[in-house]
Amino acid sequence: MANPLTPAQAPQTSEKTKQPKPGKTARIHTVSQRIVEIVSDSGEGAQTAGQLFGSVCAKAGNGVWTVEIIPAEIEPPSRSRAGASGNRIRFSSQKTRNMGDKADVVVAFNDQVVYGRIDDEAMGPGTILIIDRKWRNHADENIRKAYIESLEDFEKRGYDVREVPIEAETLRFTENPQRGKNMWALGLLCALFSRDIEHARTQVRAKFKRKAKVKGRADAIIETNLKLLDSGYEFGLDFFDERYEIPAVPWKEPRVVMDGNAAIALGTVAAGIEVCSMYPITPATSATHYLAAMFHKAGGFIHQAEDEIAAIGFAIGASYAGKTPITITSGPGIALKTEFIGLAVMAEIPLVIVDVQRGGPATGLPTKVEQGDLLAALYGQPGDAPKVVMAASSIGECFHFVITARKIAESLRMPVIVLTDANLATGQSDFPLPQFDEDWLSPPIDQSPWEEGVSPYAWDPETGVSRRPIPGQPGGMHVLTGLAHDENSRVAYESKINQQGMRMRSRKVAAFASTLKPPKIYGDEEGDLLVVGWGATRGTIEEAVDRLRADDEKASAVHLRFLSPMEPGLKDIFSRFKKVITVEVNYSDDLDDPFINEENRRYGQLARLLRSQTLVDIDCWTRVPGKPLAPGLVEEALRKKLAVMKGEE
Amino acid sequence: MANPLTPAQAPQTSEKTKQPKPGKTARIHTVSQRIVEIVSDSGEGAQTAGQLFGSVCAKAGNGVWTVEIIPAEIEPPSRSRAGASGNRIRFSSQKTRNMGDKADVVVAFNDQVVYGRIDDEAMGPGTILIIDRKWRNHADENIRKAYIESLEDFEKRGYDVREVPIEAETLRFTENPQRGKNMWALGLLCALFSRDIEHARTQVRAKFKRKAKVKGRADAIIETNLKLLDSGYEFGLDFFDERYEIPAVPWKEPRVVMDGNAAIALGTVAAGIEVCSMYPITPATSATHYLAAMFHKAGGFIHQAEDEIAAIGFAIGASYAGKTPITITSGPGIALKTEFIGLAVMAEIPLVIVDVQRGGPATGLPTKVEQGDLLAALYGQPGDAPKVVMAASSIGECFHFVITARKIAESLRMPVIVLTDANLATGQSDFPLPQFDEDWLSPPIDQSPWEEGVSPYAWDPETGVSRRPIPGQPGGMHVLTGLAHDENSRVAYESKINQQGMRMRSRKVAAFASTLKPPKIYGDEEGDLLVVGWGATRGTIEEAVDRLRADDEKASAVHLRFLSPMEPGLKDIFSRFKKVITVEVNYSDDLDDPFINEENRRYGQLARLLRSQTLVDIDCWTRVPGKPLAPGLVEEALRKKLAVMKGEE
Amino acid sequence: MYGLKLDWMETPEAPYYTLEDYTGPEARWCPGCGDFAVLTAAQRLCRDEQLAPEKTVFVSGIGCSSRFPHYMKTYGFHGLHGRALPVACGIRARRPDLNIFVATGDGDCCSIGSAHWIHAVRYNMRMVVMMFDNNVYGLTKNQTSPTSPEGLRTYTHPRGAPIEGMDPLQVSLAVRGVSFIAQTVDFNPQHLLATLTAAYHHPGFAFVRILQRCPHYTPRAFAPLQENPSMMSLLVHPDGIDGGESMTRLFPNRIEHDPSDLRGARVIAEAEQGIPVGLLYKNDSVPRYDHASASGLSATREDRVKLLEQQLDWFRI
Amino acid sequence: MYGLKLDWMETPEAPYYTLEDYTGPEARWCPGCGDFAVLTAAQRLCRDEQLAPEKTVFVSGIGCSSRFPHYMKTYGFHGLHGRALPVACGIRARRPDLNIFVATGDGDCCSIGSAHWIHAVRYNMRMVVMMFDNNVYGLTKNQTSPTSPEGLRTYTHPRGAPIEGMDPLQVSLAVRGVSFIAQTVDFNPQHLLATLTAAYHHPGFAFVRILQRCPHYTPRAFAPLQENPSMMSLLVHPDGIDGGESMTRLFPNRIEHDPSDLRGARVIAEAEQGIPVGLLYKNDSVPRYDHASASGLSATREDRVKLLEQQLDWFRI
C-alpha cells in the first residue's frame, strides 16, 4: 500500500539540470519498451524504489504501467518466497496499458524473493537478474549455500545473472542498509535505462521531504538518499556494458500518473461529492486513505463506519438529505451492502458504490486481482433491483467514472456501481491531465419550495425518471419507504401499483441505455475472432489482439464499459465475426473438464450475460490466477482458439 | 398466520357419524370443483373457518388448494378494503394444484372486504356472494347507506347476492359474535357443499381443544362452537335452493394436508436435522413456529439469533461441529446472509438454506408472493460461488426437498438453497402421506479417528468431492478458512491452487448434474409452445396448458426443480417446440414497452438463465401482482402468444 | 402548550403550525397499542416547539413502531430492519439544520440493530431516539425480543424465553460518548411528552426508552406498572425531566437523582428500587461527531477546485 | 506446569500432550507483535490442561489476531470479519464436549462484530474469548478502531481519531448474562496465562480483553504501561486470578476487588485508579444458553421417528 501522505509524484520543479559524469563507454541501445521488476523482502523499500522509477520513466515521457508485488503478510519473514515485495514497471515509447509478459530486468535484494517471482511466472530465459552479492559472504553457512545454489539454478533457467554489491555500496552512506538499498538500486536502474538522474533526484527529494516532515529531520535524510541514488547511478554507468534508451511518447497533452485508488479519490473530489462513507477493506481502503489526507480541504467528510452495512446506511442517509455520497469497498463489503443496495433501488436513492474487486469467494485472495463480482453487482439483491453497473478499464477511467457515476445516480435516482479491481487499485499508469469542468460538480442542494401537486415519485411514464424532494424543501414532505409504494410514496399492496413501480425502476435503465452508443471496435469491423472484455483487462486484450493482427489473424476486440445496461449494438457487432469469446479474470469451466458440456458449462460472468442477451454462442477463456493476465497468456489462448477454428473449417 | 399450536388438521377419530336433519328439498348438483372464499375483517376468524373448511373438503376426499388472504396490518380498521382477511379454498374431484380463477362463492362478513376481493380480481359475474345482512340495520346511517350502495353495485357487477343473518344467528349462541360468526359460516358452507357435518364437528372439536387448553375452558368453548356450526348448517340446508356435491378423488394412498411452512418444519424433522437457526421474517417465520411447537420432542433446537447474519453463522458453526443445520428466511434475510453463503461455498460447509420468497426488492411486499430471488440465490455472492439451488413446486415438495437438500449438502459439502414462496408457505394442499424411510435421517456424527494421510480437502479430481473431518475426530485437525486454500486447508496465494480450488468447487455441481434426469414434459413431447416454469406456479401453468390442449393447441409444459445445476436435456427438449416461453412471478420488461427491444430487454429470471445456457430464444411472460397467478391469466397470455405465432406463420 | 405559545410575538410571515400540520394518514396500529400515545406526544412536541415540518425528519427501521414516520406529515425515512440509526446519522452528517427523530423497536434497536445502536451512542450525533420497547416482535407476530423477560411464551419460544432480557439502559450507559438516557412509559402522556421535549432540547444523542404496551402480544408486560405505579420510581431533580406537579403525583415513589451522576444512573438502571422513569443521565459537554462531520460545510466550490488542481498538479508528469 | 503434571497418574492409554502437539506452522506476525505471547500462552494452557487437540477448536474472525487458529495444531475456524462469535456459539450449541476458544480483534469484536459480541455475552455459552485489543486495525494496515484513543493518527484519520475510544469492559459488564470479564496484557506472560486458565475453567462465557502491542502501527499504545507499571492496577482477591507471587510483584499498584461485585467492577473499569489488570467480574451461576441448546442431545432416533409419525398423523386426512 502506498503511503497516502506521499503520493508518488512530486510537483514540477525548475531546478537546473546537472550533467551526470559520463561513465565508461557502453553501447546504448534504443528500444521501444522494457519491463523491470524490483523486489525485496517486505520493509526494504523496493516498492518505493519501484514507484519512483515508474515516476522517473513517466517524467521521461514514457508510457508506464506498474503492478505492485504485494506479500500476503504485513511483515513476512525475510528471505521468503511468499514475502516478495516490490514493483513491476513497464515503460515504453507508446501508450502502455498492461503489465506485459516476462520481465526484461529484475533487481532482487536476495535470491529467495526471486523464487517468488519465478512462481509468479514473471521471468524467462534472457531476463537480466541483478542481485545483491552480499549473500555470498553471509555469516550463516546455510544461507551462503542456498544463495550459491540459487544462482546456479538461475543460470540454468537462462537468466542473465549480474551480481552487484548492493548492500556493500549502501553501507558506505548509511548504517541501516534496509533503508538505503532501494535508493541505490534506483540509481542503478536510472543508469541502465539512461534516465535523467536529475528527474530522479527531484522525485527523491519530494518523496522524503514529505516523509521526513513527519519524522522531522528532512535534510539529513534527503541528503543521504540523494547520495545513495548518485552512487548507484555512477556504479551503473560504470558497470553496464550495454545500456538502453527508451524514447518518449510524443504526447500531445499534459499527463498525470497515479494509481487507480488515487484516481478514485480525486474523482470523488472532482465529482463534488461531500461524503465518503466506508469501512476498511483491502484493496479498496487506500482510496479512502488518499482522500483522508486531503478531503477536508474541499470540505469533504469521510465516515469510517462500524461495518459495511452502516457505511452504506450512512451514505444513504446523506443522500436522502441531499448529498450524494460515495461508498468504497470490495467483495465482502458488497456482500454486506446487498440489502441496502436493494433499498436504494426500491426507494430510488442516488448513490455511488465503488467495488474494488479482489479474489473471491468469501475472504478469498484479499490482495489479489479478480473480476468476480460482476454477477453479484447485477443480481445480488433478492427481488428485481435494476441499477447501473459500469467498469473502469484504466486508471484514467477510475477518475472519470466516479464523476459520471454521480451524475447518472442523480439523474436516474438510483445506485450506480463502479467496478474496478486490485490491479487498477495499486498499479500506476499515466493518463491525460483532466481538465476541470464546472459541470462535474453537483449543483448545490435545492431547498426551494417543492412544486405543488408534484408527487415525490412523479415518474415520467416514458422514462421512469422523477425528481426527488429533499428534506428542507417546504411542501416536499413524504415518507421514503422500502415497501412497495405508489407515486406518493404511500405503501401500497395493489397488484397494479407493484407492477408499475417495478416497470418504472426498470424503465430508467432502458431509457438510459438509449443514450449509449455502441462500443468501438478495436481492429477491423469484421473478421474471424472477436474478443470481448470488461474492466482492467482492456490493455492486455488489445495487446494480444495486436499481436494476432501482426500475424495477419483477423481478430478484433471490443471492451464494455457499461454492464447494466449494456451498450447497444452488440448483437450486430458479434454477427460480423465467426467466433466471439470473452476473456475474463473469473472462473469458468473448461469444455474438456469432466462432466462439462456446452449446456451445463458455467461460463465466465460476462459471457453468461452476453449469451443471454444476444443468444450468440459466445465462448469464454477465463483464468483466476490471482494476478493480472499477461498479454502473452491471452495471445496463446486466442491462438489456440483460432487454430481450432481453422482445423474445423 | 396459522397458530402453530393448532394445526388445521385434527387426528382421525372414529366417532359414529350422526345423520344431519334433512332440510328442505333442494336441487343437488354434482360438480367437479368449486372455489370458495370466506373473508372478514381481521380478527373475525374467517381464516380459521377457511382452514377448517379446507380440511373438511380434504377429509371428504377432495383435492384442495387454499390461499390465505392476508391484510397488511396486524389489526387493520374494520370494514376496510385493505383489511380483508380470510381464505380461498379450491376443492375438486381431482388433484388440485392451484388457486383457480374467479371464486364461485364468496362469504363476506361485510361489504367493504368484498371490495378487497374485487380489487384482487377474485370475483366475476355469477359469483355467489353470501353476505351478512346486519349492516342494513346498522346504527350508523353512513354505514347503512354504504352497505345498500355496495349491494347495488354488486348486483350491477353480476354477482348473485344472498343476504344472510350471519351475526343475528350467531348472537343466539354467544355474546361476542366476533368470535362466533366464523363457525356459523362454516356450517353454512358445509350445507351448501353437502359436506359431512360430522367431519366438520370433529375438526372444530380438535381445533378448540388445543386452543382452549391454553386458555383453560375447553368444554364450554367447544360446545358453543359446535352449536354455531350446527346452526349455520341447518340454516343452510333450509336456505339454499341449489346445493352442490363434489365427488371425492379416488386416491390410492393415504394423504395429508398442510401448508408449505408446516411441510418444511416436518421435512426438517424427517431429515434428521438437529439445529434450526433463524431470525424472524415474514413469510418464513411460521415454519419455525411449527417447529418450535414440537422440535424438542425429537431433541431438536431452534436458535433465534440476534440477526440473520448471526443465524447463518450459528448454523455454519453447528455444521462445522458435525450437525448439518437448516436456516429459514426470506429475501431480506438472504441478502444479509450473502457473505456467509460465500464462506460456506468456499470452505465447503454443508448447510440447508430455505428462502421463502416474498415480494421484493427491499422490504417490498412482505406477505405477498413473488419468485424474485432466483438470480440472487445463484449469483448473490461476490466471486464465484457455485451451489445447489432447488425450488419446490408443491407443498409435498416442501417436505421432501428439505430431506433431499440435507443429503445433497452433506454429500457435496456445500450449501443448498431451497426456494419456496409466500404462496406455498401459507397455502394448504394435500399430498400423499410420506412413508418414513431410515435413509432420510443423517447418520450419527462420526467421531472415529480420521484416516491418516487424508487431507481435509482431499478433492476427488474427477468430482471435486471430499470428506470432511469433524471436530472430535482425532487426527483430523485442520483450520477451516475462507481464504483461498490448498487441500490441507492451508492459506495459499499461488495461481494454480486458486484455480484448482475454484475448479473443484464448480466440479461438484457438474458431477451432481450428471446424476440428474431430464425433466418430464407435461403434454406432448413436441409441439408449438413449451411453457417453462419453476416453483409454485407449476399447477397453474399445467392447468393453463390443459385448457389450451383441450382446444387442440399444441402446448406442453416443463417444470424445473433444480435451478443450479439445471436438469439436463433442456436444449433438446426446447428444440422440439416452435416457441419456448417461461412464466414467472417476477419482473420482466414487455417487448412493447418504450425503449425495449429483444437485445436490451430485461427477461424473467429463469428466462435469463435458460437463454444463456441453451441459446434458445426463450420468451417470457411474467407478472408481479403480489399474488399467485390465476390459471386463466396465464391461459390468456399464452393464447395471445399462440395467436401471434399463427399470425406470423 | 395550552395557549402558552405567544402567537403575536412571531413575525407575521412565520406560519404557526397546528397539530394538523404534523398529522399524517390515520395510524394503523392495533386498538390500545401504546404507539398511538407516542405518536400524539411527538406531534405535540413538534407543535409546541413549532418545528417546521419540512425541516423535520422521522427515521425508522422495520416493525410496528417503525411505521411511525408514515403517520407524521413531516419528512420520513422508513428503511430497513435494524438500520434506522446509520441512516439517521448519515442524514445528520451534513445537515445541522434538520430536526431528526428516530423510531425504533426493541428488536430493531437491540437485536439486529445492536451494533449500530452501540456506535450511535458513541458518535453522539444530535437526534432524538425513541426506542419502543414492547418486549416482543410485534410486526412479525409474536417472537421473543432481546428485552423479553425470561419465560415469556412467544411463538419462537412456546415454552418460554430461555434467558433473561437485556437492559437497554444499562448497555447505553456503558458506552463512552453517552450523553442522554431517559426512560418513560406510553401510558403517562405528560411524562412522555416532557421526556421527548427534554430529549429534543439535548445537544447530542438523546436515547429514550419508552415502555410501550402491546395489547396484542404482551398485554401483561407493563400492565402491572399501570395497575400498581409503586412498581416504578420517578427520578426527580432540578436538572431532570419536569412533567409538572400533576404528573408527578401519579408516581408514589420518587428517587432524587442527579442526571450528571453516571455511576448513580447505572445503579438506578438496575431497578432494584423500582423501574426508573425519568432522566438517568445527561451530559451536554460530550463531544459530538456531527460537529466533525459538518466541519467542512462552509467550504466553497473554489476550495474544491483548488484542491483538485493542486492534487492533479502533484500527480502531473 | 514445570513438571507438576503427574504423568504416572494417568491411565497408560491416555497420551501426554506436549507443547509440540499444539504448535502449528510458524506464526507470521510482525516482529515484536503481542500476538506471539498470546499464542504461547494458549499453547501452554492447552498443554497444562492436557486438552485433547481433537477436542479443541479455535475460532476467529479476520484480522492479524484472527490468524491465530492457523498457528495452533488443533481444529480451527478462520471465518469472516466480525463473525467469530456466532460461529463459536453454533459450534458450542450441540457440542458440550469441545473446548472452544475465540480469537478476535478490537475491530472484529467491537466494531463490525459488536451486535454478536453483546448477544454472545447475553447467551453465556461456555467458551473463552480472547479479544486482542491493539487499538487499531492491523491487518488492513492502520485504520482507527473503536478502541483507538481520541487523537490517534491513522490512515483513515490522519488528523487524529475524532472521538474517544469505547471501553469493551464496561460495555460487556452492562449486558445481562455477563459472567466473566477479565483484562490482561500480552507483555506479562504469567498474568496472561493465569487469566486464560481462569477463563478456561469458567463455566460460561469468559471474555478476556488482552491489551496487545502492535509495534507496527500503535507502538506507543501500551508502551507507557510497560515502561511504567504503576499506570496499571492489579486486581487481587482470593477468588481472583492468581498469577503467583513473582508476577504480583511486577505490579506496584494493587486493588482489592471481589469479582462477584458487579458494581465495583463497573467502577474499576473506569480506570480512575489505573488500568485494571485481572478479574473484574465472575459469576458461576448465571444460566447458560448452551444448556438450553444441548438439552435435546439425548433424544434418540426413535424419538424423532415417533414425533414425525405423530405429526404426520395429525395432518392426515
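The first chain written gets the first letter, and so on, giving A, B, C and D; residue counts start at 1 in each chain.
Here is the rule we use: a contact is a pair of C-beta atoms (placed from the backbone, for glycine too) under 8 Å apart; a residue touches a chain by one contact, two chains touch by 3 or more.
Treat the numbers as computed from the prediction; the structure is a model and nothing was measured.
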item: Pair with more cross-chain C-beta pairs in contact, given B-C and A-C; value: A-C
item: Greatest separation from chain C - chain, by CA centre; value: A
item: Intercentroid distance (Cα basis), chain C paired with chain B, Å; value: 39
item: Intercentroid distance (Cα basis), chain D paired with chain B, Å; value: 44
item: Chain C-chain D separation of Cα centroids, rounded to whole Å; value: 34
item: Per-residue overlap in chain D, given as positions that touch at least 2 other chains; value: 62, 80, 111-112, 114-115, 118-119, 146, 292
item: Chain A: positions in contact with at least two other chains; value: 296, 306-307, 332, 339, 343, 347, 362-363, 481-483, 491
item: Of all residues in chain C, those that touch chain B in their complex; value: 26, 28-31, 62, 64, 80-82, 111-112, 114, 137-141, 143-144, 146, 155-159, 216
item: Interface residues, chain C side, partner chain A - complex; value: 24-25, 52-55, 57-59, 62, 69-70, 72-80, 83, 85-95, 97-98, 115-116, 118-119, 292-301, 303-309, 311-317
item: Partner chain C, residues of chain A touching it in the complex; value: 7-12, 55, 58-59, 254-258, 262, 266, 269-270, 272, 274-275, 277, 294-301, 303, 305-307, 309-323, 325, 339-340, 343, 347, 430, 433-434, 436, 441, 471-483, 490-491
item: Chain B-facing residues of chain A, complex; value: 72, 82, 119-121, 330-332, 334-336, 338-339, 342-343, 345-347, 355, 357, 359-366, 368, 370, 372-373, 375-376, 378-386, 462-463, 481-484, 491, 493-495, 498-499, 502-503, 506-507, 509-511, 513-514, 565-566, 568, 570-571, 586-587, 589, 593-596, 599-600, 602-603, 608-609, 611-617, 623-627
item: Chain D residues within the chain C interface of the complex; value: 111-115, 118-119, 122-124, 146, 162-167, 170-171, 173-177, 263, 266-267, 287, 289, 292
